[in-house]
Structure formats: C-alpha cells, structure tokens
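For reference, the structures are reproduced in the following blocks.
Presented sequentially are two complexes of chain A, the first with chain B as partner and the second with chain C.
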Partner chain A sequence: MSELFPRKQVMGFVFSLVLTAIALSVYFLDMSFTTGMIILLVTAFIQAGLQLVVFMHAGESKDKGVIYTNVYYALIIALVTIFGTLLILLWDM
Partner chain B sequence: MEFFERFAVPHPSPAIYASMVAIGLTVIAIIAGLTYFKKWGYLWREWLTTVDHKRIAIMYLISALLMLFRGGADAILMRAQLAVPDNKMLDAQHYNEIFTTHGVVMIMFMAMPFVFAFMNYLIPLQIGARDVAFPRLNAISFWLFFAGAMLFNISFVVGGSPDAGWTSYFPLAGNDFSTSVGTNYYMIALQISGLGTLMTGINMITTIFKMRAPGMTLMKMPMFTWSSLIANVIIVFAFPVLTVALAMGTMDRLFGTNFFTTSNGGMDMLWANLFWVWGHPEVYILILPAFGLYSEIIATFSGRNLYGYKSMVASMVLISLLSFLVWTHHFFTMGQGALTNSIFSITTMAIAVPTGVKIFNWLFTLWKGKIRFTVPMLYSLGFIPLFTVGGVTGVMLAMSAADYQYHNTMFLVAHFHNTIIPGVVFAMLAGFTYYWPKMFGFMLNEKIGKWTFWMLTVGFVLAFFPMYISGLDGQARRMYTYSEAAGFSMLNMLSFVGAAVMAFGFVLIVYNIYYSVRYSPRNIGANPWNARSLEWATHTPVPEYNFAITPNVASSEALRDVKNGHDLFPGKYEKIHMPNNSGLPFIMGVIFFVWGFSFVFAMWIPLIIATIGIFACMGYRSAEKDHGRYISVKEIEDTETKLRGA
Partner chain C sequence: MKIDNSLPLEYSTDQNQLNILGFWIFLGAEIMLFGTLFASYFTLVDRTGAGPAGAEIFEITPVLIETLLLLTSSFTIGLAVHAMRLANKKATMAFIGITLLLGLAFLGVEIYEFVHYVHIGAGLQTSAFTAILLTTLGTHGAHVTFGLFWGTFILLQIKKRGLTPETGNKSFIFSLYWHFLDVVWIFIFSFVYLKGMM
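Moving on to the complex of A and B:
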C-alpha cells in the first residue's frame, strides 16, 4: 500500500504551498525593493523547477536526457541573455 | 469618406499606382483563370486543405520564389537609384520604404520559407517517416507564414510601407518619427509569421526526435537533418524574444506604453538589444540548413562519404550555443563600454572557428573525390571561396575598435550580402536544382542552369565587391543619393551593372523551369544524381506515404548501403495510417490576415471579431474527432506497381 501512496507529489504540493507563502510574504512584510525582488525571483525559479519535475513528470520517461538537456540549454540562454542585457544597458553603459 | 482616408498611401508615386493596377489585374486574372479552367475544387482539395509535408513544402517553395522576385525588384530599384549621383528617380521617403521592405521580405519571407520548404520536404524523407509529427500544425504554420507575408506585402498599396529599416530601431520606429501605419504592418506581419515559424520549430524537433526509422540513431542521420535539428532548436529559443519585442513595440505604437520611448522611463536601446538577441541566432537559422544542403550535395558529387561527420555535428552544436553569445556586435557603437565590446568581439571571432572546421570538412570531402560539375555542385564550389571572403570580412567587423570605422557603411552591406547570397541563396538554388527531380519528376536543364550560375556569380561579385571599397571610402548605407564630388559614382554604377546581371540570372531560373517543364525527359528513375542518402530510396514522384515499408537504416548513407547488399526495406506491406486533410488551417490563416489588418489600422471591432474567430477555430479543433484514415494494402500494392513500372 505504501508504494501506491504518492509521497513525492504530496511533499511537492506542500513544498509549493510553502514557496507561495514565502513569495506572498513580500507583500505583507516591510522590506526593501531589492530584497523583495530577490525573494520573488528565487521562489519563482524553484517553483517552476518543482512543477516541471514533480507534476509535469520530467525525467520519468525514456527521453529524460533530451528533456533535461533542453531545460539546461534554455536556462543557460536565458541567463546569458538577461545578464548580457544588464551588462550592456546598465552596468557598462 | 474620412474612414477610408486612412487606407491611402501617404507618399504616392506613379510607380505605386502602377503596382496597384498590376495587383488588381493579377488577382482578376487568377480568379478568372481558376474559374475558366474549373480548378477551384482542385485547388481546395489538393493544396489549400493539404496536410502532406511534401505539398506544404512546395507551397513554401512557390512563396519563396515569389518573394524573391518582390525583394529582387526592390533591390534593382535601389541600385538604379544609386547608379548615378544626384539621381531623382526615387525620393528619400520612397527609398527608405524600399530598403526596409527589401530587407524584411528577403529575410523573413524569402529565405525563411525557402529553408522551411527543404525542411518540410526532406526531414521526413531523410529519417524514413510518413509525415511530420503534427501534420495539421504544419499546415497552420504555413498559412500563418503566408498570412503574414501577404499582410506585409499589401502595405505598399494600402496605408504605406514601413520605412524604419528592416531592423526598425526605436525611437525612429516610434510614433513620433514614423507616423504612417507602415511600422504597424512590420510589427503585426512579423508577429503572425513568427508564430508560424515557432510552431514549425517545435514540429520539426519533435519529428526528428520521435519519428526516426528503426536503426537510425541520432549519429546516423543525414547531415541536412542534423543541421535542421540545430536550426530548429535555435528557432525555439530565439523566436520568443522577437515575439516579446514585437508585442512591446506594438503596444508602444498603438496603446501608448513606454517600453522603447525616450521619455517616461522608456529605453529605446532595449529594442536594438532585443532585436539582435533574436536577430543574430536568426542568421544561423538560415545558414545552418544551407550548410546541410551543401554537405549533401558535396558528398554526392564528390562520390565520397562526407568527411568528418562527427566534427560537422559538433561544430554545429557549438555554433548553436555561440550564436546566442554574440548579439552585441550589431551595435558596437551604441555607447556601451569597452569591456562589453571586448567580450562580444572575442565571442564573435570564436564563432569563426567551428565555421572554419566545416569549410575544411567540405574541402577534405572534395579531396581525391571523383567530382562531377553539375549545377548544384557548381553552386557549392562557388560558395566555398565566396563565403570565406564574407566570413573574413566578418572577422574584420568583429573587431569592435575597427568597427567604429566600418559601421553603417556600405562595407557592412557588402559583408552581409557576401555571406547571405553565396551562403543561403546559392544553397537554396543548389538544393532547388538538386531536389527538383525528387519533387517534380524531371530534371532542370543543366545548360541553362550553368548559365544561371555564372550570371549570378559574376553579377554577385560585380554588385557587392565594389561596396567594400565605397564603404571604406565612407559611403553610408541607407543614403538615397550622393553628390558627384563624393567620388562614389564609378563604384555604384558597377554595382548596378552587377545587380542587372543577377536579375538576368533570376529570370533565367524562370525560363529554365518553363523550358524543363516542356522538354525535359520524364523517365529519370528514383535516383538521377546517383545520391547516397535515404530520401532517394523511395520512388519519384514520392507517394503520399513516402515509404511503402518503413526502412531499416544502417548508416547515414542508407542508399549506399543498399548497393553493398543491405536490406533497406525488410518485411511486407501493411496498411498505413495517414492524417486527413483539413480546411481549418487555411481558414485560420485568412482570419489571422483579417486580424492583422484590423490591428494595423487600429479597427477594434473587426479585431475583436477576428480574435473570437481564432479562438473558435481552436475550440472546434479541440472538440473535433479526427482519427485519420488508413491506406489499404491493396492500394499500396497498386501504387507501388505503377511507380515501379514508370
């Protein structure tokens, strides 16, 4: 019976609720803009990863490798684009 | 009347009125012709509703050729205007519109559909599949592209063409400086066709990953399929950036937002940044499939395996990553610091390394090969030295300090035409000649083809090499005229002569098609070029199910293995599951056209109705029960016997 219990999904669900609560706290607690944005960004990325792995079942099929390669590739390109843009338009302008 | 005034062209000229009449007459002629020959039903059943990847490919091909002539006409007008100093043929506004539409049409509506034509036609054949992964989506992609292309093309007779350059930089493209609806056309038409492109990207990636024939591992795929896979990965990662940038630009122009304005916290340079985050990978989306075609052609006509298969793949993977790391080299002079420019100079020069690896691989494939100088091979052999010149001038431009001298001059114009014409256009024409017999069942005339090649090559050198010199002498790009004292007259006249020679070359292509339709022999067999890969293993013309028996592949040169005794088609005929035709993609294309047109002119009620129509189509599709159809064994046997006998 214990094998049938979706332990991973329940834990994931609880964890995603916790992440939502942390993100929500930015609105209710008094903090600086920078701190708030950092909390929002970090929780957003963890939340997206959690949804992808636990509830969209990435990594449970044969083409695990292809899916994760794609995700990492997308992450690298997104980070390069964002930090490149920041470098060009703000830090080194 | 006030309502209709918005549709008038803001800067009319006799040429535009003549175009209006010509367009009207052409439309009437097409409608009358279709009615007279009773072809409406044929057109609807066989083409407009088709989901067959081969027919969609042919429609892409025809669109690309049409747009080649549209963009080519723009090019000739520009060169004619610049041929002599102080020319009064075109005014500044008209010239601005022409160089803008030339760029957009050639990149988005000529090169892209040309590439998609080959991807659509060849990928399923090269991997031994019956069709692409999502045939219906494929049709929607095509009709979205077509709606976008048509919307963009009517701009010069309804409301005015975009005039802010194909890069459409803000603040020039903003409401303050571009008051006509032209730039709205740019934003919306590219948005619609860009959606189609993104869908094609997803479709092709899925096809390649999921639908390969048994035995075909990733490292046994023909090189064109590999190059297309990489190009489609780039599409999926690059096009969303364009989508977002265009949406922001549209909102700035129509809804009064301030993303790219110079006041209220807007940042005009962000457009240039986002545009090139998409724009540079776009270059590789075009050139990689071209490299794939060259790889197929050079291997076939050298009679050898492609040299360095693994290094070809590795260099393309590296290019796909590097293509996202170089975008700043398009605006070295925008004002960012030396550190940024140095970083992007180095990444740009680095990208020449994997490209150089590919050049050497082609040279080593030729080495000791039994070379046959056919038309596709001539284009490939012309490509290698000419493209290398373009690549070397690219490395010159990559030096950010030196770029302050070159930027915004004809030197840059010469450079990117030097890569795109021998790189992409020659590849498309080579592929066009090479795969023509597979698509249509007869060869194009070799003699006329060779004349075409020499006209295009000589014309190209005459048209673009003088620009390197005039650019270094200081001739700015996008200037509609110059004074005699500037001393550019001789070089520009030479360019005009070159452009005219190229124009003759393109006319010869049309003549070649006409001549070959009439006189070419039809009994050419399935493999007229003695090629080596899987797409040539099926019959000519290709039956709708591609392969009667799913092939069992042993290497990237499947047909070569057959000659060495490999059994490519084991087993017996079984019934084949195929998708049904559907009118929905075409209808969605028409609705998207209406949607885009309403958006351009800010006509909100038709826009809302069209939006509802689009969602209604999607809703209909969600509820539709369409399980496809089966081709029976009897039918397959009949088709196979007929094709084998022919």
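Moving on to the complex of A and C:
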C-alpha cells in the first residue's frame, strides 16, 4: 500500500498546502498592498514550478530541453501580454 | 511498433514520446490563452460601473473549498500515474476515479458560486468587471468540465483494455492536462480572489 504513496509526491502535496496557507495570510492578516502582492507572486510561481517538476515530470524524458524551452517561451509571451497591457492601459506609459 | 521496456509505459514507443511532446506544445498555447484572459481581467477589474466590486461579492469559504478540492485532485492524478508505472491497474483506476469525483465536486461548488453571483446581481452583462470575471472563471470551468468527460473515457478504456502503451500514454497526457488546470486555478485563486479581497 505504501508503495502507492511515493515520498516525493506526498511531500509535494504537503508543500503545496503550506504555500496555499501562506498565500491565505494576505486575506487574514493586515498588510500593505505591495507586501500582499509580493507574497502572492512568490507563492503562486513556486506552486506552479512545484507542479511542473514534481507532478508533471517535465524533466524526465529525453525531450526535456524542448519541453522546458516551450514552457518558458509560452510564459514569456503570457507575461509580455499581461505587463504590456498593464503598461499601456493602466499605468499610462 | 517498437516497445522499449526500459522506459515507463507512457514513453515506451516513439509515437508515445511524440504525443507527450505535442501535448506540452498545446499546453504552451493554453498558457498564452489564460495570459490574455488575465491581461483583460487586470485591465477591467476596476470598471465596475453600477455593479458590485470583487470585494463585495467574493466569499472566502467556497473559494477555499474549491482550492483544496483541486489541489487534492492534482495530487491523486499524480498518484494515478505513479500506480500506472507500477503496473497496478486497480490502483490506477481508483486514483483516476477519485480525481474525477474531486473535479466534479469542484465544478459543483463553482456552479453554486455562479448561480449566487447572478442571484445577487453580478451577471455577465452587469459591468465590464463581472463580464471578464465570469469569462475567466468560466473558461477554466469549461476546461474542468471537458476534463471530466475525457477522464471518464480514459477510465473506461483502462477497464476494457488494461494498462497498455496506448492507455498508459493517454492517462499520462490526461494527468498533464489536469495538473495544468490546477496551476491555472492557483493563479485565479491568488490574483482574482485573494488580491480582490486583500
């Protein structure tokens, strides 16, 4: 039975619950907008990286170079879209 | 078809490896899709018109339940892939089944949430904010709904055909999709709900 619950994945799950609890602190504790956003950005991106490496086995096959390049490319396009939009439409630059 | 037994089932043929790589490229396109939705959300979040703002309609309890359900389902689909690699058909099916039930529960809470929003006057046409909110949440929810059907069919195939290079490959690709939906939810949880309630 215990062989069905590998240590790496159980630890990954526990860690993702801890990250969720830390992110929740921005709701339950009183803090400035900047501090809150920093906490959310850090916990969300660690959480995403955790899923990618521990659960999605992104680095296990011989295609890992192509897979990571593709994910980074997609992330860059998504972030440029988001921050480019914010720069032009909200921050008036 | 050449089967390489030194590799896990889902990678064991050339076709399988290409299927997995192809699905990662699809997930890249999905990242960009949700990127555009988040860009629109951040642009329109303060355009509430005569409607309510996020802080007035968001409730922490259903959001927290949804988050825990989806995080746990992401864990159980990971265990399903692990059981598949151990060639344990029964455990693989059980973990996929648990994943689908958790996904169904998530969808139930989300539908409750949508009905609640419309009920309190925050429908799709209320304001630019409610429109982009429901579009972003709805796109994620539609992906989960699609995943529930997909997972059910894979479960039926494993039951009928056992764990073969084909069904193993399909299960693994489904697990990639499901983990991806969890990642998207983490960003919705952080930057739609928690940021809105901060």
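Note that the second predicted complex is superposed on the first by the 83 of 93 C-alpha atoms of A that agree within 3 Å, B and C clash if a C-alpha of one lies under 4 Å from a C-alpha of the other, contacts with A are read in each partner's own complex, and residues count from 1 in each chain.
The rule is short, and it goes like this: contacts are C-beta pairs under 8 Å (C-beta built on N, C-alpha and C of every residue); 3 or more make two chains touch, one makes a residue touch a chain.
Values in this document were obtained by computation on a predicted structure and should not be read as measured data.
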Would you check which partner chain A:77 touches, where first means chain B only, second means chain C only, and both and neither mean what they say?
-> both
Kindly classify A:11 by the partners it touches after superposition: chain B alone (first), chain C alone (second), both, or neither?
-> neither
Taking the superposition as given, does A:48 touch the first partner, chain B, the second, chain C, both, or neither?
-> second
Chosen between chain B and chain C, the partner touching more chain A residues is C
Of the two partner chains, chain B (first) and chain C (second), which one does A:21 touch, if any: first, second, both, or neither?
-> neither
Should A:93 be classified as contacting the first partner (chain B), the second (chain C), both, or neither?
-> first
Figure out whether A:37 sits in contact with chain B (first) or chain C (second), or with both, or with neither.
-> second
Could you tell me if A:85 is touching chain B, chain C, both of them or neither one (first, second, both, neither)?
-> both
First (chain B), second (chain C), both or neither touched by A:3 = second
Which holds for A:63: it touches chain B only (first), chain C only (second), both, or neither?
-> both
So the chain A residues that chain B and chain C both touch are 63, 66, 73-74, 77, 81, 84-85, 89
Along chain A, where are the residues that touch chain B in the complex?
-> 63, 66, 73-74, 76-77, 80-81, 84-85, 87-89, 92-93
Listed in rising order, chain B residues that touch chain A in their complex are 209, 233, 237, 241, 267, 269-270, 273-274, 277, 321, 324-325, 327-328, 334-337, 339-340, 343
List of chain C residues in touch with chain A within their complex | 11, 17, 20-21, 24-25, 27-29, 31-32, 34-36, 38-40, 42-43, 60, 64, 67-68, 71-72, 74-75, 77-79, 81-83, 86, 88, 91, 175-176, 179-180, 182-183, 186-187, 189-191, 194-195, 197-198
Where on chain A does chain C make contact in their complex?
-> 3-6, 9, 12-13, 16-17, 20, 23-24, 26-27, 31, 33, 36-37, 40-41, 43-44, 47-48, 51-52, 54-58, 61-63, 66-67, 70-71, 73-75, 77-79, 81-82, 84-86, 89-90
